[in-house]
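Each in structure tokens, the structures are laid out below.
In the two complexes below, subunit A is the common chain; its partner is subunit B in one and subunit C in the other.
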Partner chain A sequence: MGKKRLSLILGIAVLVLLILLPFYGSRYTITTFTRIIYLAFLALSVGTLVRQGGMISLTQTAFFGAAGYIIGLLGVERGWVFPLPELIAILGVLLMAFILGLVVMRTHGTVFLMLTLALGQICWAFARQNTSLLHGWAGIRGFRPFTVLGIDFTNPNNYYWGALALLLLGLFVLWLITNSPFGLALNGIRESPKRMASLGYPVYWLRVILFVITALYACVGGIISVYATGIITPTTIQMSRTILILLMVILGGSRYFWGPVVGAVIAVWLDVLISQMTPRYNTVIGLIFVAVVVLAPNGIIGLLDDIRNGVKLPQLKRWWNSISAKQSRDSSV
Partner chain B sequence: MKKQALRMIPLFVLVLSLIVSPIAHGAENEIKIGFLSAFTGVFSSFGKMQQEGAVLALEEVDYEVAGKKIEVIYADDQLDNDLAVLRAAQLVEQDQVDVITGLVSGDEGLTVGDFMRGKDIPVVVMYSASEDMTMREWYPFIVRPTWTGAQPMDVFGYWLAKELGYKKIYMIGEDYSYPYNQIGGFKRGFFRGGGEEVTTVWHPVPQGDFSSLIATIPLDQGYDAVLYNGAGSDAIAFVKQWVELGMHDQIPLLGQSNTFERPDLESMPKEIVGSYSAHLVADNLATPEWIEFRDKFVERWGHLPSAASEFAYVSMKMILRAIDLLDGDVSDKMAFVEAMRQVDMSDAPRSPLYLDDYNAAVQNVYIRQVSLDENGELYNKGIYRVEEVSQFGPYNPEIYMSYPEDVGNYPPDTRAQMPADLLQVEKDYEFIPFEQ
Partner chain C sequence: MATRYLILILNGLTQGALFFILGSGLTLTFGLMNVVNMSHGAFYLLSGYIAYSIVTSTGNWILAVLVGGGFMAVFGLLFERILLKRVRDGGALPQTLLTVALSMVIADLTLAIWGGTPLTLVVPRFLNPPIRLFGITYPGFRYLLMIVAVAIALVLYFLLYRTKFGIAVRASVDDRETVSALGVRNDVIYVSMFVLASFLAGIAGALGGSYLSLSPGEDSTILTYSLVVIIVGGMGSLGGAIVSAILLGQILSFGMAFAPQWSMFLVFVPMAIVLAVRPQGMFGKRV
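Moving on, here comes the complex of A and B:
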């Protein structure tokens, strides 16, 4: 019980630190945390599908970009004001996810992976090659934050607080979903779809609903992103971005509720810190990713979990055992 | 699930403590230059060429001007606009640079320019050629001692129509903003000089296989030449297939400014000898300034400079001279820009240059022909020069900017549809043979 209380206090402390960030963090820290928040939404979208449904989807980044493009076309180019473009973006993405979900959720495993990969790539190629509407490579720029309910979101601090509030709300809703009968049914489907179907659960439709819900998270991330960066371009939804998000989920721990968020925090800060130290930052970050996947397949949270539970790292232990065994052999000779 | 949530906390604390610890640093006696370009990824060759030129200028003064140390902070954006904004934010907010330079592509330039608006930090554009940066979207902190896409091409189009009497051109081009601006300038010059039609065909980037695009060129419809409006790997592929299909015997090939640029030219077949293009540099420039720069560059880096290297050299030199003029005090950023406007750049290697009212360079443009040197290697031989060409060509800036920016289907393809305003000017170019 004491352990739990301590954790609760720590949790509140972190929350307070995050809320007070603009008072002690630099301007760039705010920019970086805003980036962490919108990438965390996208990582939650991918991570929830992995954790709840056991499905690796490579289409989520397209939902993220679609939200940006819809706002760009309506808000930036046609001058529609908040909240109309944002609402249309959300509805548009939900509709898109529903239609795509009807198709992709008929598949499982590798086929699902390939199908979502193809859909993601189609969206990217369309954005890049369509010059008349989406402006090809150039994309759409000129997104400007606005004032809502008297709060001026052009101030980066206000924008950060707004995004943080949305993330907390999003996490709370996700937590409710996870612990709802719907979430539990999804866990069952992940373990054994056939068994769940024989118990009378509408497996297919539950999976479609999950797909639409996760698309909503990607969409909200996309909306936060365009106003934070001011632009939407095809590079926003390219393959490397999709892979980065997947790595975030694995880095944090794909089995854990907090995994995507932790992964986003670590991946973004790794990029910020290491890119200042060496021009070969991509190599260093890549090596770190490889190390994490090899040494801690359950991600950073899994690693901490193991340490807290007193479990030795399996890989390290095996490696150490083999070395010490070799040494004792050598010394005996 | 709750238990897992709680386990997260030590990690959060760790990360937060990492963030709160100050990363940014900086000495009083230092001027920081943020260098934002593509140093990794597909376009890293541009970043490398720029870096070589800029470092040459910095080493000339040993990284010190007016008693201040010059620190250059390299930021890699891989020519990804999304990343460019992030890196620009990093340079401004964390490193607190005094000036941002670099920039390769037109879209990257416009994106960073848009982001830097209101930040009151000078942006010195080294290569990005989208004209709106110093035209319709200009603000006083943008300085471009280099070029716009239309600047050399307006001269080129006018020359082809006026001097060679070309009437009809068939253009195949890469479908994005820089080629739009290049052919936009070309059409204005070409129609003004008496040309009748420029047929435009766009292809996605990268294309790779051009056989069908080349095969469908209507050779029987009286076209005077084909203009390939692309660069880099696409240009190499196009030119190779052009020669493989035997087109070089049937119709002249023209290039946009970068089509036959180094280092791509070295990978192209010798059959393209005779092809024309226009740029702000030429390999056989014989001015003392160019020769001095070229020799210094070759000595330092072991190969010939490209246009991107020269542009970076000139840009960096202008920044350093402005710092010197201000005696090292760059705290007033508007004065910094004003100093850049004032410094004398008439000794720039490629041509004497000065800045117009929109901080864009006014300079020589060279008409060049791909030729063989004594070693049998291809090079761009300058044949004519035009002096003091502005980004507006021979037009009045107000008239020029009253028309929209160049896009895929504007300006129109024929002289008949061209606005009459753009078909006549008070004073047009004077072509001076290269030897003079």
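Moving on, here comes the complex of A and C:
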């Protein structure tokens, strides 16, 4: 019980600190935290697929970008006002995710991974190549936040609070989903799709629904992102972004509910630090990646969990062996 | 008008030849051995750059291709032995991350060494004579590329279906434990297939860099095309890789000519159709 209360107090403290951030943080800190929030949405999108469904999807960044492009085409270029472009963006991304989901969910494991990578790359290349509609490399710029219910979101503080509120809402909904019969069925599918199918669960459709739900998270992240940065270009959805998101998920701990969010906070600040220190940014990130995969396959939360549970080194090794054995069982299904 | 179509078809075949060399390596590791290799495109780019440096310093193009391939083979060997082997039993996720990380490092270091300007290898005149066939003049090097691809296909076919090694490979795909119990060393099979795939990526880099250009970002583009080839063709199927590489080459060639802004979209359509009908790809086995 003591452990639970401790994490509750810790959680409230972090939340209060986050809400009060504009009162003590610099302008730069606030924009960085806004960036953390929209990337956390994307990381939640990828992380939930891994945690709930055991699927590594590399298409989610495309949904993130698609939301931005739709708003750009309707809101910026045609001058439609909130909330119409945003709603159409959400509907558009859901439709896109449903259609792609119908295709990708027919595959499993490695093929799924490759297919989603190829889809993400095709979307990126398409955005880069198409100049008549999407303006190629130049992309669309000139997104301006707006005033809703008397709150002026051009103020970065208000924008940060709005984004934070959305993230908390998103996490709450995700928590509900995780603990719903739907979420439990998904866990069952991750462990043994065949057994779930023979129990009468519509495995394929449940997986498609999960794909659509996670796309919604990527879409919300994309909407927050375009108004925060004011621009959408093919670089928004390029592979390095997808990789950074994967790093977040792994860094936080892919088996934990809070993993993607914790990973997003750490990875974005790492990103800030490294890009200030060296021009060889990608080399450093890549090496961090290798270190995490080899040394802490369950991420920071996993590492903390082990320390708290007092895992000693030989035990750590045994635990690692059991994990790898379990994972290979999962992947062989 | 007919000559235009003929040229487009030949362009598509040239592209297809390159895609096959890349895709065959990937289908052997990814498809057959279930080793996730996201650094295939980075291997292509790195060997292309190395071959470029050799051509500019020695002028010997053939040497450059061989060194490019050989370097990647050694590199693949070291990478597999030192890092990839450690996470092989951990499933797809750690392998993905590790190879993705490797490709990031390679891409970044090639950018640091060779810069961002597109580079192209100079092919010697005797390997690239203008050849007049079917009433059109076409660069000889492109015919050479197609011949190399056919030769590689024949060698791989022979290796997989006519040798003891090939039998062991195909058997261990179906039942790793039994093959291992029969005295075949699985790790030897894994590492040799990985080295072979790296070698093919290396050769492809030198060949591709001789008529396309090498530039940052080319690695992920090439990886995408190779993935499409093996997904559409079917995991682990050489025949599938041939058919889908030719198909993809033609789609890109005609797409670039008639709908230059939509050719990537055109790549997606056949892929979606094939997967909707046959999730395992055209020639893949059902898993």
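By our rule, the second predicted complex is superposed on the first by the 306 of 333 C-alpha atoms of A that agree within 3 Å, B and C clash if a C-alpha of one lies under 4 Å from a C-alpha of the other, contacts with A are read in each partner's own complex, and residues count from 1 in each chain.
One rule holds for everything that comes next: a contact is a pair of C-beta atoms (placed from the backbone, for glycine too) under 8 Å apart; a residue touches a chain by one contact, two chains touch by 3 or more.
In this text the structure is predicted, and so the values were computed from the model without any measurement.
Using the contact criterion defined above for the overlaid structures, shared-chain residue A:Arg207 touches neither subunit B nor subunit C, since it reaches no partner. In the superposed pair of complexes, A:Ser254 makes contact with subunit C only, with no contact to subunit B.
After overlaying the two complexes on the shared chain, residue contacts for A:Leu115 are found with subunit C alone; subunit B is out of touch. Within the superposed three-chain model, A:Asp305 lies in touch with subunit B and out of touch with subunit C [touch as defined at top].
Residue contacts after overlaying the shared chain place A:Arg51 against neither subunit B nor subunit C. Using the contact criterion defined above for the overlaid structures, shared-chain residue A:Asn282 touches subunit B and also reaches subunit C. Using the contact criterion defined above for the overlaid structures, shared-chain residue A:Leu102 touches subunit C, although it does not reach subunit B.
Overlap of the subunit B and subunit C contact sets on subunit A: residues 129, 131-132, 279, 281-282.
Taken in their complex, subunit B has these residues touching subunit A: 1, 4-13, 15-16, 18-20, 22-24, 39-40, 74-76, 80-83, 85-86, 89-90, 93-94, 106-107, 110-111, 114-115, 175-177, 202, 204-205, 408.
Within the complex, the subunit C residues that touch subunit A are 30, 34, 36, 38, 83, 86-87, 89-94, 96-98, 100-102, 104-105, 107-109, 112, 220-221, 223-224, 227-228, 230-231, 235, 260-265, 267-268, 271-272, 275-276, 279-280, 287. By the touch rule above, subunit A contacts subunit B in their complex via residues 3-4, 7-8, 10-11, 13-14, 17-18, 24-29, 31, 35, 128-129, 131-132, 136-139, 141-142, 175, 178-179, 229-231, 233, 235-236, 256-258, 262, 265-266, 269, 272-273, 275-276, 279, 281-282, 300-301, 304-305, 308.
Partner subunit C is touched in their complex by these residues of subunit A: 50, 56, 102-104, 106-111, 113-115, 117-119, 121-122, 125-126, 129-133, 238-240, 243, 246-247, 250, 254, 279-283, 285-287, 289-290, 292-294, 297, 323-325, 327-328, 330-331.
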